[in-house]
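Below, chain A partners chain B and then partners chain C, in two separate complexes.
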Partner chain A sequence: MIPALGLVAGLVIGLLLHPDVPLWLQPYLPIAVVAALDAVFGAVRAVMDGIFNDRVFVISFLSNVVVAALIVFLGDQLGVGSQLSTGVVVVLGLRIFSNMAAIRRHLFHA
Partner chain B sequence: MPEPSEMSTDEPDTTGGQPTDEGAGRSGWSRLLRMGRPRATRANLFATLLAVLLGFAMVTQVHEHRTSGLENLSQGDLIALLDGVNQQSLHLDQERAKLTRTRDSLKTSSGDKAAISAAQERKNVLGILAGTLPAKGPGIAITVSDPDRVVQPANLLDAVEELRDAGAEAIQIAGVRVVADTWFGVDDDNTMLVDGQPIQPPYIILAIGSPHTMSTAMAIPGGVIDSLKQLGAHPSVASLKTVNIDALRAPKKPRYAQSDGSAS
Partner chain C sequence: MTSTTKPRDPAASMSLITELMTHPLDPAYEAAAARRERAGRPRATGLRSPMLLIVCILVGVGLAVSALALRVPLGTAKQQHDQLVGSITSRQSDIDSDTAAINKLQKQITGYQTQALKHAHRAGLSTQLSRLSVLTGAVAVKGPGLKLRVDDAKASDTDAQGNPRTDSSSEGRVTSSDMQIIVNGLWRAGAEAISINGQRLTAQSAIRFAGEAILVNFRPLSPPYTITAVGAGDDMEQKFQSGMGGIYLKGLMDDYGIRSSLSTSKSVQVPAGPAPSLTYAEVAKEKK
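Presenting the complex of A and B:
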């Protein structure tokens, strides 16, 4: 409950403040957000499955974000930046979808 | 295959939904509710912090994406964009060159210029004939002093006809321009009328044309000057190098005569 409220609070703060993203952060922010979303959905699914663990959630959240940023950075250095980030986004999207499917089955049995 | 990272056991994602009831008959909703209850653990606090960060980052990224244009694009995207813009610029240049050529050809087309100058010429000629434009050129001036007022309208008409026969191109009598429909008459006081305007002697008739031809025509025996002399009007003719005919005639639209439409 409280983390959900926290999410809403973060949204509100962001709407109010309208900060500028620093230049060095700009390429990584979108992918980091998607990776974090994937972690969140995974957490909800784990709750459904009865295996949720706070610690695991936090660690997986952070590691998802770091790995996603690392992959973007590596791709830019190697010169396959756009392809690699496309691949990462695709995979994250896949995971989100499958987690959502599991949640849906738990909730609505459909 | 990627797996949901929160599970403490390694299990692939693709197995899809797990059996919801684990002996205690808990459904997804109840689990969700249970989890949703506020708990004061450090991990929960951390999770809250992360959620705040996530919300913040999401909104910031959306705002950034909306307000920034080209800054966030990758190199490949920028190159593609540049190519598109260059193509468009090339097309616009070609179109501009084509339109400029068309405009120039329309402006300087010689056919039109000739037509315009021809129309201008005709306008001048017709203006002189109709009396709407002043004229000047060599000609003669006939002065009829007529002290006894013996000159009749017929005499003036004779003079005009004779002058025309001699090739006069513009005629003016006592400040009234003589044109195709000019008429001569007298009013009740025996005052000479030209086009309805009363004129007083001495009458000065100005005519532009060949001075020699016109003065010769005036001087033929039994002609205009002779007749006027016999009447006692005391005419005199002077050839002039420049005759200024300034009297103008307002153009009158014919009420009965219609053009039959054939162009000349």
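Presenting the complex of A and C:
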């Protein structure tokens, strides 16, 4: 419950503060968000499986975001930024969907 | 490296997608749970750690910020599009009204010209002038003739957005070269003046393609195309039908489903063309 409240609080804070994102950071945002979502869905599934570990979650979240940003940065330097981003989105998207499927099985037994 | 104890699955390096689908969860969770179990603690930790809360707030802020920063307001693109379309239409209507004014003035000039010539008792010059202006398309003409309606095939309608670029079925579309062949057929059949959708074909007219639109006199036309030709009515129709243009058109109809209809009329009107502005050309003196 508390993490969900934290998420909502974060959303509200972000919406209210409406901070300006510096231009150099903007290419990394979408990938970082997808990576963060992947970590979040993984955590939800872990909670349902009964093996949640806060340390693992925090580390996986941070490493996901950093690696995603790194991949985009590297791709931009090599001139294949959009292709690499697509790859990252596909892989993370697959993970999100299969985690989502597990969560669904837990929740609805279907 | 080390000699493997178990023969490796030869496809192991290619099982990325399978791996992703079957074990989407970070393996660290499983490992940590096993470690905690060995230490005699419950497999899962609680959800009350402050670190977790901080990260959750961070995720929330990140989501909100990126949504705000990256979202392209839905209306903006459409607004700009509408604005551009609006300015095109207004310019177009400006051009139309200017053209109408020019034509009116031209008519006045022609009237004064005939009057002046009549006063000067040079009727021969007057008839020559009117003949030449008919030939050059400077004045509207009417007379017996035919109307030929050509339209794209039914299946080649533009897609929902009206964007011909995303539309793949361009087979049944009338192209500029079709139009050129048909018009040339009409000239050969004895047409004396031709207009397409109200655009008079003059010596300076070109039938061109710009993207998917046919341009005549640099004005884009939209189907259906109505070709009006002044000439010897039925005779011209027969000549056209049996000539190259008619045969080509029939081929278009049979092979691509392009629709066309031809009707002769006792009196058709062909409007004047855009006034040609001659800046450099002048009459060459004939050698005597």
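Operating definition for what follows: the second predicted complex is superposed on the first by the 110 of 110 C-alpha atoms of A that agree within 3 Å, B and C clash if a C-alpha of one lies under 4 Å from a C-alpha of the other, contacts with A are read in each partner's own complex, and residues count from 1 in each chain.
Basically, a residue touches a chain if its C-beta (ideal position, glycine included) is under 8 Å from a C-beta of that chain, and two chains touch if they have at least 3 such contacts.
Here the structure is a predicted model, which means the values were calculated and not measured.
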item: Fit or clash - chain C, chain B, common chain A; value: clash
item: Which of chain B and chain C A:G87 touches, first, second, both or neither; value: neither
item: Touching partner for A:G50 - first (chain B), second (chain C), both, neither; value: both
item: Partner contacting more residues of chain A (chain B vs chain C); value: B
item: On chain A, positions contacted by chain B and by chain C; value: 1-4, 6-15, 18-21, 26, 29-30, 32-33, 36, 39-40, 42, 45-47, 49-58, 60-61, 91, 94-95, 98-99, 102
item: Residue numbers on chain A that touch chain B, as the complex places them; value: 1-15, 18-21, 26-27, 29-30, 32-33, 36-58, 60-64, 81-82, 91, 94-95, 98-99, 101-103, 105-107, 109
item: Chain B to chain A touching residues, read off their complex; value: 2, 4-9, 13-14, 16-18, 20, 22, 26-29, 31-32, 35-39, 41, 43-44, 46-61, 63-65, 71-72, 74, 76-77
item: Residues of chain A defined as touching chain C within the complex; value: 1-4, 6-15, 18-21, 26, 29-30, 32-33, 36, 39-40, 42, 45-47, 49-61, 91, 94-96, 98-99, 102
item: Of all residues in chain C, those that touch chain A in their complex; value: 17, 20-22, 24-26, 28-30, 32-33, 36, 43-49, 51-66, 68-70
